[in-house]
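Okay, so chain A shows up in both of these, paired with chain B first and chain C after.
== the complex of A and B ==
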């Protein structure tokens, strides 16, 4: 009964909205207004054929490569900078500046430096995504509990073991917060880099539809970007709950007390 | 002091890697040239017009999304029923990347400021809305019951109990949204070609004015830093009241 009720709450508003949309657009003949049933048909026809191989998967591959590289760079750089005090003070203003640059601005810059290639698009994603991970890791490493840190030192836990059992877990929640921002920036940059300079990929295809006034196809492109965003957010939340299970459990205990 | 050294060191590394030819100086002009180009820009009316256009889109977009998000956030947040009903829809709409709306914005508004506004409002609305929802949900039960038993009507309860609780969350949301709004304001210029710094960057790049392009990139970064610092200042001002009240209550 309880699960049924929750399901009802989750499904009620979306059903209502789609119903309204259906009713409102039923008599419409304007090509600008999408209608649910034709939109679904266009979606299947446009994206589930050859395009999934020629546009969707390559885009996703670049996104994945860029995000993974950014996470790796950000976490390792953050561990280093976060644990060395003078390095942190030396680099802080420069890093703050790089974080403040709107990442899409890097697209024309990297187009010049790297050229219009696949690696340019990955470089755009990396150079935009790395900052939130890096800065959050630095913050997380800096905020390690002093007592824990001292205890670890007293027990002779140093080097690799210290990173594995002390630094990474205590910076974990912060790092995950950085990765969450990194994912949404990555998706945005993937689309923009393809809109700006590309002859394939999701961003390019969608802009192409818009320029040739293929309105239903354009709408279906907006839908697929939305679906990718939602899917990424769900995958992230699932992963975060697993990785930080101990942390959420701790928080629950604290809140209950 | 060490930070200043860091900045200087970074500029020096940039200067050297271009001068020594580690990177093609045609594509990465030395730092001194770019800084000179930026200083030159500062004297140009065209530059300030572009900055003005970007900041105008930023300010209007941020203001509209703050108002929308606060009104809707307080409405939805204070009713358990509305919160439960809208949860799935919000969780679905929120992760949709704002750039997905670019083609739609072009179709509806072309290269006018409205297309920037549409992207900015969509992106920053969710940042603030979610924070307001968290904030409203965080209201202390005892405080609420007390206010009720003192006979505060619902408007006064929102004003004196819910609003102060939600204020720190709201300020966090606005700070995040301010950064996002700048990103979208520049992106819209870059990709759609609506007026502002983004369009100037795209023009400089396609026109081969490479130092000029780097100067504009530096300028957007500096604007970003200024916005971050200003937002942090505003946050500290509005909340100094909040934390001082809390520390008094604890003492």
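== the complex of A and C ==
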């Protein structure tokens, strides 16, 4: 019953919005205004055929690879920099500098350096996604409670055990916040990396539709991006709730007090 | 009732033993914190020894450096001067067979682990076999009266229960030296009495050397074989008092003994003196 109710809440507003959209666009004849029913038909036609294999899945594969690499790099780098004080002081200004560079400007540079390959596109995604994870992990590692750290030390929990039982879980909430940012940046960069000198992929296809005035197809491409975003967000939330169950419980108790 | 100073060269009034007889030796310990606002001398000069298997209580006014002393003994912090010897060897980092129960109970348990996992972790980390681990954890939780909550998270428990989990973790670890920093501060009177008896039982059973910090005078006399009274800051040993009560102690009868009242009186007076800034004759103020 409860699950049904929650599902109802989640679905109510989207249904209402589509309804409004349908009513508002019902009489329209402009080719630039999308209408729900034709759009749905176009969507099925455009994306559920060959393009799944030739564009959608490769794009998502690169997104996944980029995001995973960024998380791996960001977390391991963050653990290292966060635990070593001099390294932190040494790298802090440089990291802020790199983080401030908008990753899309790197696309031409990476194109020259790496070539127009899958690796280049993954590299663009990584170059933008790694910063929130890295900086959040550093912050999380730094913020470990001193008493908790002393407790671990007195019980001989050092080295790898310390990372596993103390550092990672303690920085967990911050790491997850970084990953959340990383995901939304990743989707944007996936599209952008395919807009330049590319011959396949979601970003390429959508730009291609735009240029050839295939407006309904273009809209359907935007819809698919939105759907991918929603799916990623749901998967993230589901994982986060499981990984950080203790944290949400703790916060609830603290807020109640 | 006067402290015996067996080693006339020690300047502060702590009981020192001949070399080789002490489990834990604190020698001329001094700790100065360097902060942006200037130096803070938390401990000036502390010297005392604990015999193997001794249970000593440490009392002193708030801010007299009790926590600082425990951190130096447990190797978490290097003293500014002086040294700590465990079994004759200088302490440089946290020693293997020492457990510490911290004053800030709420911050010493891993909030992402359940009660059972918290107690088990140090043993697991040491490679204790699973079956033995399970037994040790169960016994420890049972001893502190928490065998009904092994699957709860620490933050789901009251402050007193959390502190008991921290105590259970220390007991399960089976240390040779146990340091406790005001462990019963958050516990209600009845539980407190039970835990006091638990500490004495565990102490007798394991033969562990215990240094127990408390601000409760009754507790220090009831628990200890010895009470070390610290002066107010700059801290030295104000008095090192042997508690000559019978070894078998009982909440009602022991506390009703005339000798208990006398000792309690004495400790109380010394602490009042310490708070007023009185310094023991044996301690030198110029270090």
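To be clear about the criterion, the second predicted complex is superposed on the first by the 241 of 257 C-alpha atoms of A that agree within 3 Å, B and C clash if a C-alpha of one lies under 4 Å from a C-alpha of the other, contacts with A are read in each partner's own complex, and residues count from 1 in each chain.
Here is the rule we use: a residue touches a chain if its C-beta (ideal position, glycine included) is under 8 Å from a C-beta of that chain, and two chains touch if they have at least 3 such contacts.
Keep in mind it's a predicted model, so treat the numbers as computed, not measured.
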Which of chain B and chain C A:226 touches, first, second, both or neither:
first
Given the touch rule stated above, what does A:156 touch, chain B (first), chain C (second), both, or neither?
second
Identify the partner contact of A:165: answer first if only chain B is touched, second if only chain C is, both if each is, neither if none is.
second
Tell me which partner A:249 touches in the superposition: chain B (first), chain C (second), both or neither.
second
Just to be sure I read the superposition right, which of the two partners does A:148 touch: chain B = first, chain C = second, or both, or neither?
second
May I ask you to name which of chain B and chain C touches more residues of chain A?
B
Touching chain A in the complex, chain C uses residues 71, 74, 76, 93-94, 96, 98-100, 102, 104, 107-113, 121-122, 125-126, 153, 155-156, 169, 173
Residue set of chain A touching chain B in the complex reads 9-14, 17, 32, 86, 89-94, 96-109, 111-113, 184, 187-188, 191-192, 195-196, 203, 206-207, 209-210, 215, 218, 221-222, 225-226, 229-230, 232-233
Contacts from chain B onto chain A in the complex sit at residues 2-7, 9-10, 23, 27-28, 84-89, 91-92, 94-104, 106-107, 179, 182-183, 186-187, 190-191, 198, 201-202, 205, 210, 213-214, 217, 220-225, 227-228
Can you list the chain A residues touching chain C in their complex?
145, 147-148, 150-151, 153-157, 161, 165-166, 169-170, 172, 246-247, 249-250, 253-254
